[in-house]
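Naming follows writing order (A, B, C and D), and every chain is counted from residue 1.
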Amino acid sequence: MARKSPSSNSLQVRQLSCERDGRVLFAGLDFELGAGQALQVEGANGAGKTTLLRTLIGSAGDFTGEIAWNERAFPAALPDLRAHLLYIGHGAGVRRGLTPLENLAWYGAGRGEAMRALEQVDLFGFEDSLCHQLSAGQNRRVALARLFLPGAPPLWILDEPLAALDVAGVSALQGQMACHLSRGGSILFTSHQPLALAGLRTLNLSEYATEEPEPLAEEGTDVFA
Amino acid sequence: MQFQFDSLAAFLHMDGHGTFVWAAYGVTFLTLTALALQPRLQRRRLKRELERQQRIEARRRSVETRRTREAEPA
Amino acid sequence: MAWQWFHRLGSPRWFYQKTSAWMPWLALASLLLIGAGSIWGLGFAPEDAKQGNSYRIIYIHVPAAFLALAGYYIMAISGAIGLIWKMKLSFVVMRAAAPIGAVLTFIALFTGAVWGKPTWGTYWVWDARITSMLILLFLYIGVIALSRAFSREQVADKACALLALVGTVNIPIIYKSVDWWFTLHQPATIKFTEKSSIDPSMFYPLLTMVIGFYCLYAWTLIAHTREKILQREWRTSWVQQLMGGESATESKAG
Amino acid sequence: MSSLEQPVLDYTPRARNVAGFVALLRSELLLALRRSADIANPLLFFVTVLALLPLGVGPEPDLLARLAPGMIWVVALLATLLSQESLFRGDFEDGSLEQLALAPQPLYFAVLAKVSVHWLVTGLPLALLSPLLGMMLNLPSGGYLSLFLSLLLGTASLSLIGAVGAALTVGLRRAGLLLALIVMPLYVPVLIFGTGAVQAAVDGYAYGPQLAILAALLAGGTALAPLAAAGAIRISLDN
């Protein structure tokens, strides 16, 4: 599985502002995520954490400002970013009708790699049972098993990855994240729990929220964004 | 070009087809006027909605000012 | 200059102010044209040799049928502009055009049915034109139902725009297949609104009515769009000013 | 069919679209075969409704013979519509539809794979079962082959058009009725030429042209419908 050297990948965000249902969630957001860096996005519920992540992967439509991947701006750079992206959103992305092994094969993993990955997320013995028989927590761990596959893509964008994990699971995930960073990968994730990762930067989205929902703009929204 | 019917009654009767013709014209113009007046109704509903919004805003702001005033002397 | 105009067209406030001036003239024009056309058609145009006076319904049936179909294309085109250039204003125009088009299709169907009674003795005739018009009504109802189903306006706009585009691609196919189906089961009676060479004395009132209906359509579409703009932009200061100002004048006048 | 060897969301730049499509087709088929209820429901609906027809209109053979082509086709259309809603719903709820939308392979192939499996699981069995229903409704002997062929081609177009409706309403909760409302007008041409083919065969005329038009509708649908459905999926995901 040849892959471009991960060290060169970088995601830059300049003066990003996202709007949802006519309300500006945050504005003037700037940050950069280079190789080997991790960024934790915090903020109150409704501050737009999920909207930020979905905007970065191109699922959410309208934003103002600039997002660049390897110095190429969106939307031209979007396909390239997606080719190097591993995204785990609220929905686990695990198909209920398949077994964990088949799900991981669906994501391009060999049988042996998948078995080892499932072991590390404490799903040993559940490899061949159908996912709709597993609990929601177990299904999320099947999704997280994708992080333990050897050929995982360099850029990880994870929405609340620690939600369904017990203490052992959290430490295993922390270890895997650290290993990914050491190999030059980059991680952007949202979480309420603090995570002990070397060089972890945090970003509080509430600081970028517009103070109080004052009317959008004198001129009205310039819709021709 | 001159008026086709000799009297108003004949005009209404239209040798038997009058009911159909006037029914068609009546319903058409009724629906069209209803369609044309609809924006005016929506405008009135929006104004009531805005006033209700401003009243809620005003009440919320007054509650906040009262709460901050109570907090200060403590 | 054209590009700049197109860009400014995107701002709802600019559209609202610009159209305030046009509205009275457009309303006047449509009232005059429709008034004159119907009086002309009802009273002064000669009656039809075969159908007698019942054919006078043509002066509202044909314009309504024209606009019902044209209205769908107008809705689909404004939806497409919204999807391609992400212009919210054109989405608003699309959402306003849907109910207007549906009402016009209903009028076309109703007047067609009432016209069918004296001509064929039954209200409903499975004629090619009328059947295609019925399917067009279902297409409109589909778009309106979809627009009501979403909680978020932005998603509803895009979904309706896409459905309208899919509908536009299918309309010619539907019309042709219904025509084929009608000729297959051709009853012995004459075709409903055949394009027989209509002589001038009937053509001019019809032309006046068609132009009048187009003006009325434009006026109604702009009026509905303006209302929807106010509903969507109620948070902005220019709308609250406008509404505030209006209630002030009303309270003064009331 | 034990397990999937071929990776579906292959991240290496060399991911070939066709390989992705074949792997997706296989995983969809695997999923569909495991949900056997989804296969049986449309067929049971098809048989029971057509069995009710004589109870409704009376058992006279010549009346049933006149009604048979149209009724079989209308009920087949309703049966496909019935099973259309679940096309994307399962994947939408567990998040794999979003993963498909993010995959390097274009969404067109994912939709095409899903629709082909949906056709294999509902359209094909309906077409295979239709001669049996034809006998039940006293369909004249000339019409059986054209019934089978027209349903074979027609149900594929119905699945494709229905996929657009399913994609538009996947984000909504009770979308069954809305889906029917949206796609019903779009089904009209397929229904007209489908029943036309069977009627022509029954009356002893050549039904080749009708089948040709059905095939043309299918070709147009295969090219355009997945694109519209892919666009609709991206819109619904943003809900």
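In the analysis below, a residue touches a chain if its C-beta (ideal position, glycine included) is under 8 Å from a C-beta of that chain, and two chains touch if they have at least 3 such contacts.
Since the structure is predicted, the reported quantities are computational estimates derived from the model, not experimental observations.
Undergrad: What is the set of chains touching both chain C and chain D?
TA: In this structure, the chains that contact chain D and also chain C are A.
Undergrad: Can you compute the centre-to-centre distance for chain B and chain D, using the mean CA position of each chain? Integer Å is fine.
TA: That pair's centroid distance is 44 Å.
Undergrad: Can you check how far apart chain A and chain D are, centre to centre, with Cα atoms defining each centre and the answer in Å?
TA: Centre-to-centre distance between chain A and chain D: 36 Å.
Undergrad: How many angstrom lie between the centres of chain A and chain B, each centre taken as the mean Cα position?
TA: Those two chain centres are 49 Å apart.
Undergrad: What whole-number Å value describes the gap between the mean CA coordinates of chain B and chain C?
TA: 19
Undergrad: Counting only residues that touch at least two other chains, what does the list for chain C look like?
TA: 152, 154, 158, 240
Undergrad: Listing for chain D: what residues touch at least two other chains?
TA: Where chain D meets two or more other chains at a single residue, that happens at 238.
Undergrad: Can you list the residues of chain A that touch 2 or more other chains?
TA: Counting only residues that touch two or more other chains, chain A contributes 61.
Undergrad: Can you give me every chain pair that touches, using the contact definition above?
TA: A-C, A-D, B-C, C-D
Undergrad: Please name which positions on chain C make contact with chain B in the complex.
TA: 38, 42-47, 52-54, 56-57, 60-61, 64, 99-100, 103, 106-107, 110-111, 114-115, 117-118, 201, 216, 219-220, 223-224, 226-227, 230-231, 234, 240, 243, 246-247
Undergrad: Considering only the defined contacts, which chain B positions touch chain C in the complex?
TA: Touching chain C from chain B are residues 1-5, 11, 14-18, 20-21, 23-25, 27-28, 31-32, 35-36, 38-39, 42-43, 46-47, 49-51, 53.
Undergrad: Contact residues on chain C for chain A in the complex?
TA: Touch residues, chain C against chain A: 7, 10-13, 85-89, 152-154, 158, 232-233, 235-240.
Undergrad: Looking at the complex, which residues from chain C come into contact with chain D?
TA: 135-136, 138-139, 141-142, 145-146, 149-150, 152, 154-155, 158-159, 162-163, 165-167, 169-170, 173-174, 176-178, 180-181, 184
Undergrad: Hey, which residues of chain A end up touching chain D in the complex?
TA: 1-4, 54, 57-61, 79, 82-85, 87, 89-99, 101-102, 105-109, 111, 130, 139, 143, 151, 153
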